[in-house]
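Two complexes, one shared chain (subunit A), two partners (subunit B, subunit C).
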Partner chain A sequence: MLSSIWAIFLKDLKSELRTRYALNALFMFVVVTISMILFSTAGEVVSGTLLSGLLWVVIFFSAMSGLSRTFVSEEDRGTVIFLQLATRPSVVYFGKLLFNFALIFGLNLFIVIAYLLTMENFKVKSFDVFLVGLILGGIGLASASTIIAAIIAKANTKGTLYPVLSFPVLLPLLMTTINMTQLSIEGATFSETIGHLRILISYSAVVIIASYLLFDYIWKE
Partner chain B sequence: MLWKILLGLYIAIITALAFVIPIGFIPGLGERARIIFLHVPSAWLSVIAFFVSMLYGIRYLRSKNIYDDIKSVSSAEIGFLFCFITTVTGSIWAKFNWGSFWNWDPRETSIFVLLLIYGAYFVLRSAIEVEERKATLSAVYSVIAFVTVPFFIFIMPRIMPGLHPGSKGDPEGAGPVVTFKMDPNMRILFFASLLGFTLVYLWIFNLRSKSEILKLKIENKIYQEVQN
Partner chain C sequence: MDFKITLKNVRKNFSRLLVFDSVNFELTIGSSLAIAGKNGSGKSTLVKIIAGLLSPSAGEVIYQIDGKKIDKLDWFKYIGFVAPYLQLYDEFTGYENLEILARIRGLKNYKNKIEEVLKRVNLYARRDDLVRGYSSGMKQRLKYACALLHEPIVLILDEPTSNLDAEGVEMVWKIAQEQKKKGILIVATNEAEELQMCEEVINLDELKLKSREQIVK
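Right after this comes the complex of A and B.
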């Protein structure tokens, strides 16, 4: 099972690296969004708490523009039936989940570096809290958006529907991570954010388990 | 038929009592506390309706019977209507008690998210043409959305300070809304109102799902006649 999951992951990685469609689009998307923020706040003194909220706005919308790619491209290329023949649904789900984890980690890394370089007031006092929030937030974001991507790949209006469906499901996660990033800017310690960590971990666990149980129905549709 | 008339009388009496029953003095709220007889039961009704909608969604996934899907949508529609009523009544009340229509209190956030979830649910349904696929995908979406709802209703209000009873820092303790101390009159009428609203829900649900199923049957019949 693990080796087949790894195989799905490698397949997606290879086909992505062959065209670099999602990677290039995402890269430009992040650049455009951050410059948009820079233009609209030019000459203003923007507080760190506001910037940490905007950081998650950038992360959310970049994720929304890139994470649906894994499932939508299978539908577009008509390779769904082939995958259905080749392996079990849960293997496909975890392979795609792994790929989305990798994508969101790369994305977050790029966004944060770009953000730290361009935003003068974005100074993180406790970097460990910030990093853990970013990683756990990324895991939660990827786990919810993977299953939603599988749903919208079967619908007619794929692009607009994706953020609409994902946002309410992701909101508890986003509120927690935004709060945690703000705390890390103010220099909070780990013991102050223990409640946030619990929410983030339980959120990802609940969503991944529910997705695992429900994926069969979507995949065979 | 008889029970519907009785239910009508019961709800009428509850509505009248909600305005006149003595509720004792509640510091900071006074007579405004009477909203609990109508606002909380409609929130309760919408949560029940969404829960039933999800249960029928799961049943559809197992049975693939299109009637289960119809029941699931009917329940979601009723839930959405009452969710809207809860939001509007709560918002008007908040203007007079807390000073603004919307404060992003955790419970206000959670009702807003319920509206968003089911708004998205109906959008998803309208974006798929094949009936079976529509039914399956919307059922899956409602389950995924529902597993995240407890984070709003039970967890976020506890860790974030808010204005509703049962929020973080409430001296009466961080429990569900009804644990704060109530006058006996008020308590009885509140639970009577919850029961009344539940019965109203069952009635509307029955009516709505029956009419939708009949509609489908008639459509199928017309379709068959056209083919012949």
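Right after this comes the complex of A and C.
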């Protein structure tokens, strides 16, 4: 089973590197969004706390424009049957989840580097808290986005439905990660953020387990 | 090994539209079934139900091996499927498509097997070309290679010779004959000649007209 999951991940990665279906659009999206923030706050002194929130706004909308790709492209190109006839639904789910993890980590890395370089007041004091928040936030974001992508891939209005459906599901995660990023700017210690870490880990665990149980029903029909 | 597919009172409707009702048959190794009917009679819907790609509205499809029921999630191990609506990854080459499939299926020593099926469908010389550059007939041949890669017990062919040239049609007939010897063959078609590939025929139009009358076996 693990080798099949890895095979689906590699297939998606190779396909993405070859077609650049999501990558180019995603990176351009990040550049445009950060530029918009810079233009709109030009001459203003924006606090680190506010910039923490804006960081997750950029991450959320970038993720919304790219993470649905794994399922939507299969549905659009009609290759869903190829996968349905090749393996169990859970293998497809975990393969796609793994790909979305890789995509969100790459995306977050790019966003954070761009953000640190362009936002003068965004100074992280507790880098460990910031990094853990970013990683766990990314895992939670990818977990919820993957199952929602599988649901909306069969709908006609995929583009608009995706962020609209995702937002209420992701709200508890986003509130926690924004809070954690703010704490990292203020210099909070790791032990002060234990509560946040518990929420983030529980969120991802619940979403992944629920997705695993429900995916069979979503995948076929 | 005793392998059996049973359809019991299978019905499919999309909302109020009844596609077919009370389809009953049993297929064992060595048997072959052609599904006939006009356009829109539900041939593709029925083969999708048999392959587990769609669920019936009523009734059930049962796969059994040595008398034991096979979990629906494991049907894919026994099925080879060729259909016009089955699409391949056109950003990959023919060989890569087969390699991806072999890895996802968890096949061992698949390289020789891939070469063998590519030769069988006469695509070996074009194995390193992107599928994007394949003609529709070549894509159809590659679908056969994908379907045969794991030597399935059940081979399901929907419109088996579409887009194929005379040599391709001959290849399909040969594959069908070999499949009948070692497994189960199911063909959905509205071509009278292709019905000859199978020993038994179920006509979905007659099934509808005669209402609840079972035709096969």
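As a working rule, the second predicted complex is superposed on the first by the 221 of 221 C-alpha atoms of A that agree within 3 Å, B and C clash if a C-alpha of one lies under 4 Å from a C-alpha of the other, contacts with A are read in each partner's own complex, and residues count from 1 in each chain.
One rule holds in what follows: a residue touches a chain if its C-beta (ideal position, glycine included) is under 8 Å from a C-beta of that chain, and two chains touch if they have at least 3 such contacts.
On a predicted model such as this, the values are computed, not experimentally measured, just so you know.
Enquirer: Using the superposition on chain A described above, determine whether A:N121 touches subunit B (first), subunit C (second), both, or neither.
Expert: neither
Enquirer: Touching A:T41, do we find subunit B (first), subunit C (second), both, or neither?
Expert: After superposing on A, A:T41 lies clear of both subunit B and subunit C.
Enquirer: Classify the contacts of A:I8 with the two partner chains as first (subunit B alone), second (subunit C alone), both, or neither.
Expert: In the superposed model, A:I8 contacts subunit C only, not subunit B.
Enquirer: For A:V207, decide between first (touching subunit B), second (touching subunit C), both and neither.
Expert: first
Enquirer: Under the stated touch criterion, which partner chain does A:I151 make contact with: subunit B (first), subunit C (second), both, or neither?
Expert: Touch partner of A:I151: subunit B, not subunit C.
Enquirer: Taking the superposition as given, does A:T49 touch the first partner, subunit B, the second, subunit C, both, or neither?
Expert: Touch partners of A:T49: none, neither subunit B nor subunit C.
Enquirer: List the residues of subunit A that touch subunit B in one complex and subunit C in the other.
Expert: After superposing on chain A, subunit A residues 221 contact both subunit B and subunit C.
Enquirer: Across the complex, what residues on subunit B touch subunit A?
Expert: So the residues of subunit B touching subunit A come out as 61, 109, 113, 116-117, 120, 123-124, 127-129, 132-133, 136-137, 139-141, 143-145, 147-148, 151-152, 155-156, 159.
Enquirer: Touching residues of subunit A toward subunit C in the complex: what are they?
Expert: 1, 3-4, 6-8, 10-11, 14-15, 18-19, 77-79, 81-89, 91, 216, 220-221
Enquirer: Hey, which residues of subunit C end up touching subunit A in the complex?
Expert: Per the stated touch rule, the residues are 51-55, 73-74, 76, 79, 81, 83, 85-92, 100-101, 103-106, 146.
Enquirer: Could you please specify the touching residues of subunit A with respect to subunit B in the complex?
Expert: 144, 147-148, 151-152, 154-157, 161, 164-165, 167-169, 171-172, 175, 195, 199, 203, 206-207, 210-211, 214, 217-218, 221
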